[in-house]
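Multiple structures follow.
The following pair of complexes shares a single chain, chain A, combined with chain B in the former and chain C in the latter.
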Partner chain A sequence: MKKLLLEKDHIEGIRFYETYRREGGYKSVEKALKMSPAEVVDEVKKSGLRGRGGAGFPTGLKWSFIAKPEGVPRHLICNADESEPGTFKDRYLMEFIPHLLVEGLIISSYALGSNVTYIYIRGEYAWIVDILEQAIAEAKNNGWLGKNILGSGFDCEIYVHRGSGAYICGEETALIESLEGKRGNPRIKPPFPAVKGLWQRPTVVNNVESIAAVVPIINMGGDEYAKIGVGKSTGTKLISACGNINKPGVYEIDMTISVEEFIYSDEYCGGIPNGKRLKACIPGGSSVPILPANLLLKTAKGETRYMNYESLSDGGFATGSMMGSGGFIVFDEDQCIVRHTYTLSRFYWHESCGQCSPCREGTGWMEKILKNIEYGKGKMKDIDLLWHVQSNIEGNTICPLGDAAAWPVAAAIRHFRDEFEWHVLNPEESQRRNFGLAHYADPLIPIGELV
Partner chain B sequence: MIQFSEENLKKVNELISHYPEGKQKSALLPVLHIAQQQFDNWLDVPVMDYVASLLNILPIEVYEVATFYSMYNLKPVGKYMFEVCRTGPCMLRGSDDIIAYIGEKLGIKPGETTSDGMFTLKTVECLGACGYAPMMQMGKYYREHLTKEKVDEIIEECRTQSVNLN
Partner chain C sequence: MADQPLVKVTIDNITIEVPAGTTILNAARKIGGDVAPPTMCYYSKLEDSGGKCRTCLVEVSKGSDKDPRPMPKLVASCRTAVMDGMEVKNITSQRVITARKGVVEFLLINHPLDCPICDQAGECDLQDLSYGHGEEGTRTEFRRRTFEKHTLGNQIQLHMTRCILCYRCVLVADQLTKTRQHGVLDRGDRAEIATYIEKSLDNDFIGNVIDVCPVGALTDRTFRFKNRVWFTKPVDAHRNCSKCCGEVRLWMRGDEVFRVTTRRDIWNEVATASDGKTGWICNECRFEKKKVSDWVIEGPTKVNRKSVISANKYVAATKPDEFLEEVMKGVKPRFMLDIHNESEVNEPELRLDLIDGPAHSNDFKIADEAHNKKLLNGSE
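Up next, the complex of A and B:
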C-alpha cells in the first residue's frame, strides 16, 4: 500500500527543512497558490476526507460553512490537543514530520482566508512546541510564510499556542475559550465557530492529521485521493496501536484491511505477546465502545470487520463500535474489563469541566461505583445503577464529553456484564487477574480450547 | 519583588504579539508556563497577581485559569516531579506497579513530596504516549517504556547529576 503521510518518515533529517524540501516538500503550496481558494476547498470536498480527530465530519464541507462577513478576519486553528486515551498519532506526525503539518496549514489557511493561524497543542507535548516553532521559522525563512507568499498576495503567520493539561480543550469551542485565555468550558452552539469562533470571528478547527492529509490531496488531486480506501472511508488513516500487542506504534493504513490483519500481521501490531489470546479491543480511542474479540473480528452477521468508518460501526452500539480517533487499544486474555473501565471513568471524572450537572455529577458517580465494584465492595444492584447513571448522562450535556464518558461504561456492561457480576460475587478475589471468563471467545481458536 | 527575568519578559512580549491588539489575555496560559518555570515550578498568589498586572487583566481571571488546568501547581513541589500516567492503556502495560515501586523507593504516596524536597510523585491521566507505556513526564520530557530498573536509573540520575528539565 502506498503511504501518503508517513511515506518519508524514515528518511534521516526529514524533520528539517532542507531534507523535507529536497524530498518534494512544499510542492503542494506552489500548486495551491496558483488555484483560487474556492478551488482548493473543492479539491478537499472531492477527496471525501473526513475529520481525523474523532467525529469523522467531512473536512471540505466544514470548510464551506465558514462565514465571510466583510472586514472581519477569519482564523484556522489546528487542534493538536491530542488527549483521547489510546491516541498518539498526531504527536508522531508533529514530532517526526513537522513540516508536513506546516505545509498543510499554509494551503488550508489559504483556502479559508486565515492570515493568522494557530496550532493549539496540549501542554504536556512541551518539547514538540520547540520542534514546531523551528519548522515554522524554517518555512518562514524560505518564503513559505509571512507577507505575499510566492508573490500570490496571500499573507500568513502560524503561531503555536501551548495548552496546559485539559482533555476538554480538544472540544473545539473549549479549545477556542482556552485560546482566549479562559477556562476550557465548551460553548453552547449555535452560534457555531464557523460563524462566531475565536474572538467572535469565523473560525475553523481541524485536527493535525486532517490538515496533513490536505497535502497529498492537493498533490494528487481530490478525485485520485478519493479512489484510495472504500466507500466513504477515503484516503489513508493513522492508527495508534497500544495495549497488549507485540508492536505498539503509529501505523498508516488504507482503510481496506481487516481488523484481524491489523492485529496479527507483522506489518502492523504483530499479534499478542506471550502467546496470549485476544480478549477485547477499543478500536477508536477510549470513548468508543469496547468490543469482545468475537464481535471485533466479525460483525454480528458473521462478516469480516474492516478498519474503516462504516465497518467498525456496523451493528451500531449494540454489536459495533466506531473508528473515532484511531486509538486502537488491545486487551489480552489476562486483562480485567472492570478495572480498565474504572480507570477510564476516573479519567473522564478528572477531565469533566464541571459545567453541566449530568456530566459533573455523573462521571463522579460512575467512578465511585466502579471503584467499589473493582475493589470488591460492589453489590449486584450497583451494576444497574451504573447503567442508569450512564444513560442519564448521554445526550444531556453541552459537549460530547458526557457521551464520551457514558459510552465506554455502557459498552463494558453490555458485553462483559458477567465480569461485573463476578467481581460482586467474588469480593475476596476482585484484584485477581485472568479469572477466565469465556467472553474472550477468540474466533481464531476452536471453541473447545477456550477456558 | 516578583519580576520576570529580562529574557522571560522578552518571551512574554513576543507571546503577546501573537494575538490581536486588546486580546493579550490569550497569552495567559503560555505566560503561566513561563512563570512556573521561573518561580520554582509552582504558582504562588503573588506570582499570579504579577502575571495579571503584566497582561492587564484582573487577578481573578488568572486564578480561575490556574485552578482549571492540571499542569499548574498551586503548592510547592519537589525539584523533580514524576508525573506517572495511570489511565487505561498505561494500566494495561503495568503502570500500577511502576507507581507503587516509585512510591516504595522514595517513601512517599502519590501527591506527596520527599522531605528533602527532591522528588514529588504525581499520578496523571493520559499523556498521549500509550504505545510507549508505562511512562511518565519529568519536566519538559517524557520517560517511556518504564521498568523498575529504569526507574532506579532515573532516580540515581536525579540524585547524582543535574538533569535537564527544560
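Up next, the complex of A and C:
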C-alpha cells in the first residue's frame, strides 16, 4: 500500500524545512489557498476522514458545524495532548515530520478562518515543543505563516502551548479551559465548542493525525482519498503497536488488513515473541474494551475482523471493541488481566479531575477493589460489586473519562471473569506468583456466558 | 423571558408550559413536589452552577416534537434546556432511580457520616438526599478519605472531609466578592477546597458560602457546637443595613439568637429579597448582630412539616406539594395509613392536634360514644 503520512519519514533531515520543501512539502498550501475555504471543507467532507483522536467523528462534518457570527474570531486548536496509555502515534508524527502538522494546520486554519491557531501539547513531550517551535519559525521565515500568506490575504499564527501533565486535558473542553489558563475541568455541554469554545468563540479541536491527514487529502483530492480504505473507514490510519509483539512501533495501515495479519505479518507487528500464544488485545488505546483472542481475530458471527472502525466495533461492547485512538496493546498468554485492569483503574483514578461525583468517587473505589483482588484480599462479591460500580459510572458523567474508566473494567469482567475468580479463590498463590493466573483464552473455546 | 415563546414539556406525565430556554429542572420545579429532581450542586442564584453532582439526572424519552428520538444517556436536568414536546421521566423511570442511587452511594462512600457531631445535621441536603433517594447499608469496606480541618478566618470552619465538591462556594466568592481567595486544589478524589497558603476569608459577603454549602463542610464558627438546628426555631427578621438587604432568618431558642442566616426558599436556596434581588447578607448582619434588639421581628418562618426543624409542635409547619396521583395517571398511591382508613377501626372523630399534651383514653371516650352511635344508626 501507499503510505500517505509516513511516506517520507525515513528521509534524512525531513525534520527541517529545506529537505521537507524539496520533497514536495507545502504544495498543498499553495493549492488550498487558491481554493475558497468552503471548497477546502468540501474536499475534507468528500474524503470521509474520521477524527483520529478516538471518537471517530467525521472531520468535515465537525468543521461545517462551526458557528460563524459576524466579527467574532474563530479558533482551531490542535489536540496534541496524547496521554492515552498505549497511544503514541502523534508523538512520532510530531517528532519526525513536524512540518506535516504545520502544513496541515495552515490549510485547516484557512478552511475554518482561524487566524490564531494553537497546538496544545502534553507537558511530558517537552522536547517536541522545541521541534515544533523550530518548524513553526522556519515556516514563518519562509512566508507560510504570518500576514498575507502567499498574497492570499489570509493571516495565520500558530502557537504551541504546553499542558502540565493531565490526561483530562485531552478532552476538548478541558483542553480549552486549560488553554484559557484555568483548572482543566471539562465543561458541561451544550454549548459545544463549535459555538462557544476558546474565550467563548467558535472553536474546532482536532487531533494531530486528523490535521496531518488533511495534507494528502488536498494534494490528491477528497474523492481520491476516499477510495483508500473500506466503507466509512477511509484513508490511512496510524497504529501505535506495543505489548508482547516482536516489532513494537508506529505503523500506517490502510484499514483493509485483518487483525490477524497486523499482529502476525512481518511487515507490521511480526508476531508474538518466544513462540507464545495470543491471549488478549486492546485494539484502540487503554480506554476501549479488551478483547480475548477468540473474539479479536474473528467476530462473534465468525467473520474475520479487520483493522477498521466498523469491523472492530462489530458486536457492540458485548463481543466487540473500538478503533479508538489506535493504541494497539497485545497481551501474550503470560499476562494477568487482573493486574492489568488494576493498573488501568489506578491510572484513571489518578487522572480523574474530581468534578463530577460518579467519576471522582467511583474510580477510586474501583481501584481499591481491584487492588484487593489482585493482592489476594478479594471476595467473590467484590467482582459483582465492581460490575455495579462501573455500571453506575458509565454514561452518568460529564465527560467521556468516566466511560473510559468503566469500559476496561467492564470488558475485563465480561471476558475474563474466571481469572478474577481464580484470584479470589487462590489468594496465596496469586500473591506468591505476583503475576496471578496466566490463563490462555483458547480461540476454540466458545464464548462463555456473558455477564 | 416574557418575550420568549412558550414550549410544552411533559415531566412524569404532567404537562406544563414554560418559556423556551428553561432547563428541565426549572420546569420540574414549576410543577414542584417530588417531580423536581434533587440537586446538590445546582444553585439557581449562582451563574454557571450545576452539572457536577449528577443527582438531577433524568431520562428524556422523547427529544421534542420535531425530533422524537429519545436521548441515549441520562441528562443532567439542571443544564439541559427543554424543547417543544419533550417528554421527561424522573421518578417514573427505573433507570433514573437506579442511577440516582448510584450517585448517592458515590457521594457517601467517602463522607464521614459524622452527623451526630455535625452542625449541619437537620438542614443538610445530603441527609435529605440519602434518605429520599439512597439505599440502606453500605457496600464499601475501605477507609474513608480524610483531610485536615481548616479554619478560614474567625468565622468560617472548613471540614473538607465532608465536602462533596459542588463548587458552590467557589462560585459565591467569584460572583459576590471582589477577590476570591479559595478554590479547588488537586484533582480526582484528592481534590479539596483550600486557600493554598493558609489564609482567612474576610470579604464582606463571604459568609454566604456557609449558606450555599449543601453539607457541613463550611459552617459558622460563631454557632459551632452551640445548639442543634432542630432545637432552635427560625424567625424572619430585618434591620436597616447599608451593605445588604438586611432581611434575615434568626435561629432562636427562647430569647437568645443563636445564628443568623439568609432566608431560604422551598428549594433550600437563598430567597429573593423584597427589593427583587437575591437576599445575600453581609458578614456584619450574619456574625455580629446577635441580639434580639438589633432586629425587627416579622414572625415565625414557614417550615416544611417534613423537616426536622418543624418538630415539637411548630406553629408554622407547611404541607409539601404532592403530585403522586397525577404522576401515576390518576391512580392513588397506597400508604400504610390507608389501611387504617379502610378498616375504619382507627378513625376517631377527634382532632389529636387540639389536645393539650399527650392523648389519654379519656379523650377518646366522647368520640367513641359518638362513633358507636353512628355505627348503630348505620345498621338500622
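Everything that follows uses one rule, which is that the second predicted complex is superposed on the first by the 431 of 451 C-alpha atoms of A that agree within 3 Å, B and C clash if a C-alpha of one lies under 4 Å from a C-alpha of the other, contacts with A are read in each partner's own complex, and residues count from 1 in each chain.
Going forward, a residue touches a chain if its C-beta (ideal position, glycine included) is under 8 Å from a C-beta of that chain, and two chains touch if they have at least 3 such contacts.
Since we're looking at a predicted model, the values are computed, not measured.
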Once the shared chain is lined up, is A:203 touching chain B (first), chain C (second), both, or neither of them?
-> neither
With both structures superposed, pick whichever of chain B and chain C touches the larger number of chain A residues.
-> B
Does the superposition put A:166 against chain B (first), chain C (second), both, or neither?
-> both
Please indicate which partner A:91 is in contact with in the superposed arrangement: first for chain B, second for chain C, both, or neither.
-> first
Between chain B (first) and chain C (second), which, if any, makes contact with A:350: first, second, both or neither?
-> both
Touched partner set for A:234, first chain B, second chain C, both or neither | neither
Determine, under the contact definition given at the top, whether A:331 touches first (chain B), second (chain C), both, or neither.
-> first
Chain B versus chain C as contact partner of A:286, first or second or both or neither | first
For A:178, decide between first (touching chain B), second (touching chain C), both and neither.
-> first
Looking at the overlay, does A:125 come into contact with chain B only (first), chain C only (second), both, or neither?
-> first
Residue by residue on chain A, keep only those touching chain B in one complex and chain C in the other, then list them.
-> 166, 183, 350-351, 353
So in the complex, which bits of chain A are touching chain C?
-> 166, 168, 183, 188, 190, 349-358, 360-365, 368, 385, 388, 391-393, 395-398
Listed in rising order, chain B residues that touch chain A in their complex are 18, 20, 23, 25-30, 32-33, 55, 57, 61, 64-65, 68-72, 86-89, 91-93, 124-133, 137, 140-141
Chain C - residues contacting chain A, complex = 50-55, 57, 73-74, 76, 79, 81, 98-99, 102-103, 105-107, 109-110, 139-140, 142, 145, 164-165, 167, 183-184, 186-191
Note: in the complex, chain A contacts chain B through residues 73, 82-88, 91, 116, 118, 122-127, 159, 161-167, 178-184, 199, 240-244, 248-250, 286, 327, 329, 331, 335, 339-340, 343-344, 346-347, 350-351, 353
